[in-house]
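Input: a single structure, listed below in structure tokens.
Naming follows writing order (A, B and C), and every chain is counted from residue 1.
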Amino acid sequence: MTLRAPKVIQAGIRDVRFGDHVTLVEPVNIYGCTLGDDCFVGPFVEIQKRVVVGQGTRIQSHTFICEKVTLGKNCFIGHGVMFVNDLFKGGAPDPDPRSWGETRIGDGVTIGSNATILPVQICDGAVIGAGAVVTRDIKQRGIYAGNPARLLRTLP
Amino acid sequence: MTLRAPKVIQAGIRDVRFGDHVTLVEPVNIYGCTLGDDCFVGPFVEIQKRVVVGQGTRIQSHTFICEKVTLGKNCFIGHGVMFVNDLFKGGAPDPDPRSWGETRIGDGVTIGSNATILPVQICDGAVIGAGAVVTRDIKQRGIYAGNPARLLRTLP
Amino acid sequence: MTLRAPKVIQAGIRDVRFGDHVTLVEPVNIYGCTLGDDCFVGPFVEIQKRVVVGQGTRIQSHTFICEKVTLGKNCFIGHGVMFVNDLFKGGAPDPDPRSWGETRIGDGVTIGSNATILPVQICDGAVIGAGAVVTRDIKQRGIYAGNPARLLRTLP
């Protein structure tokens, strides 16, 4: 191994479509995505290209949102939440985005801190507990927690 | 959606009461809290207002400490630890801080990396394993792990 | 408690041996380690001293790699992955590095986001699911998930 200088890129905000009254706390790394009116993004957040975030949704510090995720309106995404699109089914990352799963989060969804969200659909108004790992679609409004996440109780 | 410029705030250190010999590694986002003598705070950490950290406590990188958390003396808080105060019992975040739970961490507590701490009390000298999700008060000194966290073994 | 100014250190890149064609996205906190040819390191990553990363390995945002970890070639380390070396067996962090466990990750290993890796060995080509907590050596190529991580299925 020879010793070389690395290529150093600076995190930042690039090619993002913003609605009205969006607030961000830098440092963030956000590129190629769309953030609706009145969104908030905390520090140490990365959002990848083609993500769409509905109006009024708040994304807290340390969260990572990958390609192929769509978030509804007025959601609360806690701290350190990690979204996943590639399930490594073949035993390694698949470079072809067509193989990745899509995630659709409804309106008014609340996701607790340190949760992990695999490629799933989550219905309007669902609550995901802190530290949960969501591996299946959530079709009924309720509170879900655990690894893998299970229904704790329904919500009215 | 019209295209607008977002409001961009810079993370930093604001309105913090420091004891003697505190060390921080920037970037951090720390505001309105109290850090006792000889504390250490690693990079990519957020600490919210009214948090009190006892002397000699070390907070490692990527950790988030929310309002209504009090940490004792000489604790070790690992990397990527997330504290939680709002349990979303009504199905969504509650904007009234009086509804949030309080967390009190005793002296000499060790919390492993990627742990999630709901609003609980943890007694002096307890150890929380890496990746644990603590959902209940911990009253007996011991090592706890899992999701939800359970006692693995007591400590003398 | 008297009020004092803290000591503020800036995260950065210090004393790192780089191979050819390494790319990093700042801010990062990386020191005293070795990154082989063609490695990638995303934003908000910390890598501690004496870590060795094999060529072609990609380390995604928000990940923390501690001392005594060696990563093989062509691995994919997801977002928010936390490595651990001190198991706090005595009830608190042990300041003596000789007491810490070593982690050896083989070639072509894939680790999902938000996973936690205790001091273990993981064989070539294994896949660790998102949110998993790996507490034991992994000797058979397969997909592992859960807390603690268990074999879901073998890989050919």
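By definition in this document, contacts are C-beta pairs under 8 Å (C-beta built on N, C-alpha and C of every residue); 3 or more make two chains touch, one makes a residue touch a chain.
Model, not experiment: these values are computed from the prediction.
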| item | value |
| --- | --- |
| Interface residue overlap between copies subunit A and subunit C, same or different (over half shared) | different |
| Angle, in degrees to the nearest 5, of the Cα rotation that carries subunit A onto subunit B | 120 |
| Where subunit A and subunit C are represented by their mean Cα positions, the distance between them in whole Å | 22 |
| Subunit B, residues touching no fewer than two other chains | 27, 44, 62, 80, 114, 147 |
| Touch list for subunit C against partner subunit A, complex | 13, 16-27, 34-37, 42-44, 60-62, 76, 78-80, 108, 110, 112-114, 125, 127, 129-131, 141, 143, 146-147, 155-156 |
| Interfacial residue positions of subunit A with respect to subunit C in the complex | 1-11, 27, 29, 44, 46, 62, 64, 66, 80, 82-84, 88, 91-93, 114, 116, 118, 133, 147-148 |
